[in-house]
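I've put the structures underneath this note.
Both complexes below contain subunit A, partnered by subunit B and then by subunit C.
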Partner chain A sequence: MNITEKILARASGKTSVAPGDVVFVNVDKVMVHDVSGPGVLAVFEKLRKKGMIIDKIWDPERVWVAEDHFVPAADKISAQNVVMLTNFTKQFGIKKHFKYGMGQYGICHTLSHEEAMVLPGEVYVGGDSHTNTTGALGAFAAGLGHTDVAYVLLNGKIWFKVPETLFFKLNGKLPDHVMAKDLILKIIGDIGTDGAAYKTMQFGGTGISEMSVESRLTLTNMTTEAGAKSGIVEPDQKTRDYLAARGATKYNEVHSDPDAQYEKIYEYEASEMEPIVAKPFSPENTVVARDLSSVEIDKAYIGSCTGAKLEDLEAAARILKGKTVKIRTEVLPAAMSIFRKAMDQGLLKIFMDAGVVVGPPTCGACCGAHMGVLAKDEICVSTTNRNFPGRMGHVESQTYLASPLVAAASAITGKITDPRDIR
Partner chain B sequence: MEPFKKIKSIATPLDKVNVDTDQIVPKQFLKLVQRTGFGQYLFYDWRYEKEGIPRKDFILNDSKYKNSKILLARDNFGCGSSREHAVWALDDYGFKVVISTSFADIFYNNCFKNGVLPIKVSEESLQKLFSVKSEIEVDLENQSIRADGLSMSFDIEPHWKKILLEGLDDIAMTLLHEKQIVQYEKAHKI
Partner chain C sequence: MKGSVIKYERDNIDTDVILPGPYLKIHDYAELATHAMEGLDKDFHKRVKPGDFIVAGKNFGCGSSREHAPIALSYSGIKAVLALSFARIFYRNAVDGAFLLPIEIDESAYRDISDSDSLEVDISKNEITNLTKNKVYKMKPFPDIIGKIVEAGGLFNYKP
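Let's turn to the complex of A and B:
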């Protein structure tokens, strides 16, 4: 069995499972945020109307809550939703509630790894499609709808069909001007936005061993954009070090068997990789960045669960150091812990000297909800993960998805720019 | 949930691929938490100009399709965000069936949780359905789709079929076993 099959077998109390089997698994962790949380509560309300008594949940210790989509509260309704989340955590005794304005808080997927909320070998589900992100730590991580999350909150279990696994092998170390974002965009361009529908995308090979945990998280994050059920990387010493630095040392790692089966293996040569950009209006609409050097843009956005981890900010700062931005540019670290490290390392000074506005962690503009959305016909180069019509604002705005290096280089020139072309 | 009955209606042909859930319900409506009333926001940015003036060229605003219960869509329908509001909106608007060549995974599951039937058909079958002008009948019991001169069958997992036909949801399904659960809990009391 491969790692995903082994995790699902263990969680369902079976000795072996195969792709296509339906398994009823025990969930280790579950997450809701300020959109899915109120959605789940609406499901609870419906059940109560049917006569169900809901006065406790399965295990408050295994549930954690993030405020990320509409914080800082975008309007009165969003403010009310945060109050609703607070009441929910109080009522059911959920202690891990990362509240805006009270120390550590941030985008849910970022907290999942920054706070070591999820550990290798675990089954983790969340009320958000990018829950896949956390699979980079060697866990089975998948997003669910509100009704399914409500079910998990009450029962601690959920069923899955064991997915087929596609294996993506990266040979060699990525060049300095190429980031994990370029690799995952390249892969999505190759297999399409439904190329991994209901499958697991596993990443391995020497290039992945060389990669930091943060980079691996960029890969698994965007498996969602290829339609995948989950994304995963086998844990190694880098994973252990990353988690140990966050206080987590006890967990049961799972590794693929030597004879593990994969539906298909894709190979990529790191040395051949180039900076890639996905044009509007689909993440599969990919070209090399240099082909777009005539595209003029209005804004550069460095934020989100996939593009504002510490190393993403470090990459942007390398390009922006001593330069001035030509277009509106925003940097929003994905969690307060990252914000603080960026401050301690002097990155915020580099950004501000370049004219960039630095904002608080939020999903806000990535999903076009608030905090700097796009106007009609505005064009943005963004380190985020989606560029569907209207994703970042007006339905006739445009988003080009790119790595933090490309976004920062483009901020300086006002056109889409390969980082190698910045002197 | 209401048990799923045979559906007969004109089908609304939405000729777009990769329709993501943000097109189905734009993010500005995600803050609303009541589960009802989302129908008015369905395909909002495609349906309306500024200040709620309906766009004449969008299919839902064509009076022919006013009472349609069946939506025809292209590849990868429901991709993007996991928001269950997308299905709530389709259901509230009146769509009980969505037919496409493929669906995004989370969306597909969310449909069954809310009494909406997503049907996967081949490219060729979908093409035929897109050209049907009269009513289409979807019979879940017999897993068939019929329309003037056309007849095709579709696959569905028995579990999902039962849930829809009997109007059960996952939690109601579990409650069917409530007696056994209570017995088990009693026997295993610490």
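Let's turn to the complex of A and C:
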């Protein structure tokens, strides 16, 4: 069995499983945020109206809560949703609630790894489609809706169809001007937004071994955009070091068997990779960045669970150091712990000297909700993960998805720019 | 189930157009319904009638895990979406929450069904009858567990 099959077999109490099997798995961790949390509470209300008594949840120790989509509170309704979330954690005794304005908080997927909320070998579900992100730590991580998360909170288990696994092998180390974001955009361009529908995307090979854990998280994050159920990387020494630095040393790693089966293996040569951009209105609409050098843009956005981890900010700062932005540019670190490290390393000064606005962690503008949405006809280059119509604001705005290097280079020129073309 | 068709001849209809991000803070299902399909079809809310079906291409409901998407369609009156294929979270949300039926159809049915056609959907026979064109199409049968959850009326009523 491969790593995903082995995790699902273990979690369902079976000696083996195969793709296509439907299993009820015991869940190790579950996450809700300020959109899915109130959504789950609405499901609880519906069940109560049908006579169900809900006065406790299965295991408050295994549940954690993030405030990310509508913080800082965008309006009265979103402020109320955060109050609902707080009441929810108090009522059910959930201790791990990362609150806006009280130390560490940030985008849920970023907290999942920054705070080592999820460990290798675990089954992790979250009320958000980019829950896949955390699979980079060697866990089975998949997004669910409100009804399913409510079911997990009450029963501690949920059904999954064991997915087929597509294996993406990267040979060699990516060049300095190419990031994991470019690789995953390239892959999505190749297989399409339903190219991995219902499947797992596993990443391996020498190029993945060379890659930092943060880069791997960029890959698994965007497996969602290929329709995947989950994305995964087998844990290695880098994973162990990353987790140990965050206080986590006890867990049961799972690795693929030597005779593990994969539905298909795709190979990529790192030396052939180039900066890639996905044009509006789909993440599969990819071209090399240099082909878009005439596209004039209004805004550069460096934020989100996909593109505002520490190394993403470091990459942007390398380009922006000593330069001035030509267009509206925002950097929003994905969690307070990253914000602090960016401050300690002097990155915030580089951004501010360049004229960039540095803002608090939030999903706000990435999903077009608040905190800097786009006007009609505005064009944005963004380190985020989706560029559907209206995703970042007006339905007639446009988003080009790119790496932090490309976004920063484009901020300087006002046009979509390959980082190699910045002197 | 009988109803008429609202057809969107396109693939990858994503949850950002089915129910745009700014409305995710809303949990009043009836209010969500007034914004259904807003990112693609501003007139949907005026046009849709209880019992209607949406017909669309492949990968319907891709993108976010927002259960608001099937909820908004369901509370608009949509009983089933007939598509070439569905994105996984939309599919599970529709079935596990018992909001609407995600029905997979083949290319020939997809091409044949026109906007405003009257359909009758019979999941016990896996059949779709086009009452306007007097034709019968096969739907892809629900996988075993899905059929059982549909029959039970959602995941909470299903006994594994």
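General observations
What we mean here is this: the second predicted complex is superposed on the first by the 423 of 423 C-alpha atoms of A that agree within 3 Å, B and C clash if a C-alpha of one lies under 4 Å from a C-alpha of the other, contacts with A are read in each partner's own complex, and residues count from 1 in each chain.
In this text, a residue touches a chain if its C-beta (ideal position, glycine included) is under 8 Å from a C-beta of that chain, and two chains touch if they have at least 3 such contacts.
Note that the structure is a prediction, hence the values are computed from the model and not measured.
With subunit A as the common reference, the superposed partners subunit B and subunit C clash. When the shared chain is aligned, subunit B and subunit C each come close enough to touch A:T147. Of the two partner chains placed by the overlay, only subunit C lies in contact with A:F24; subunit B stays clear of it. Within subunit A, the residues touching subunit B in one complex and subunit C in the other are 35-36, 38-39, 41-43, 47, 52, 69-70, 74-75, 77-78, 81, 127-129, 143-148, 151, 193-194, 197-198, 227, 229, 282, 367-369, 386, 388-391, 395. Remark: subunit A residues 35-36, 38-39, 41-43, 45-47, 50, 52, 69-70, 74-75, 77-78, 81, 84, 127-129, 143-148, 150-151, 154-155, 193-194, 197-198, 227, 229, 282, 367-369, 386, 388-391, 395 touch subunit B in the complex. Subunit A contributes residues 22, 24, 35-36, 38-39, 41-43, 47, 52, 69-70, 74-75, 77-78, 81, 127-129, 131, 143-148, 151, 159, 161, 193-194, 197-198, 227, 229, 282, 367-370, 386, 388-391, 395 to its touches with subunit C in the complex. Interface of subunit C with subunit A (complex): residues 12, 14, 16-17, 20-22, 24-27, 29, 39-40, 58-59, 62-68, 70, 85, 87-89, 92-93, 96-97, 143-145, 154-156, 160.
Every residue of subunit B that touches subunit A in the complex is listed here, in rising order: 18, 20, 22-23, 26-28, 30-35, 45-46, 75-76, 79-85, 87, 102, 104-107, 109-110, 113-114, 169-172, 174-175.
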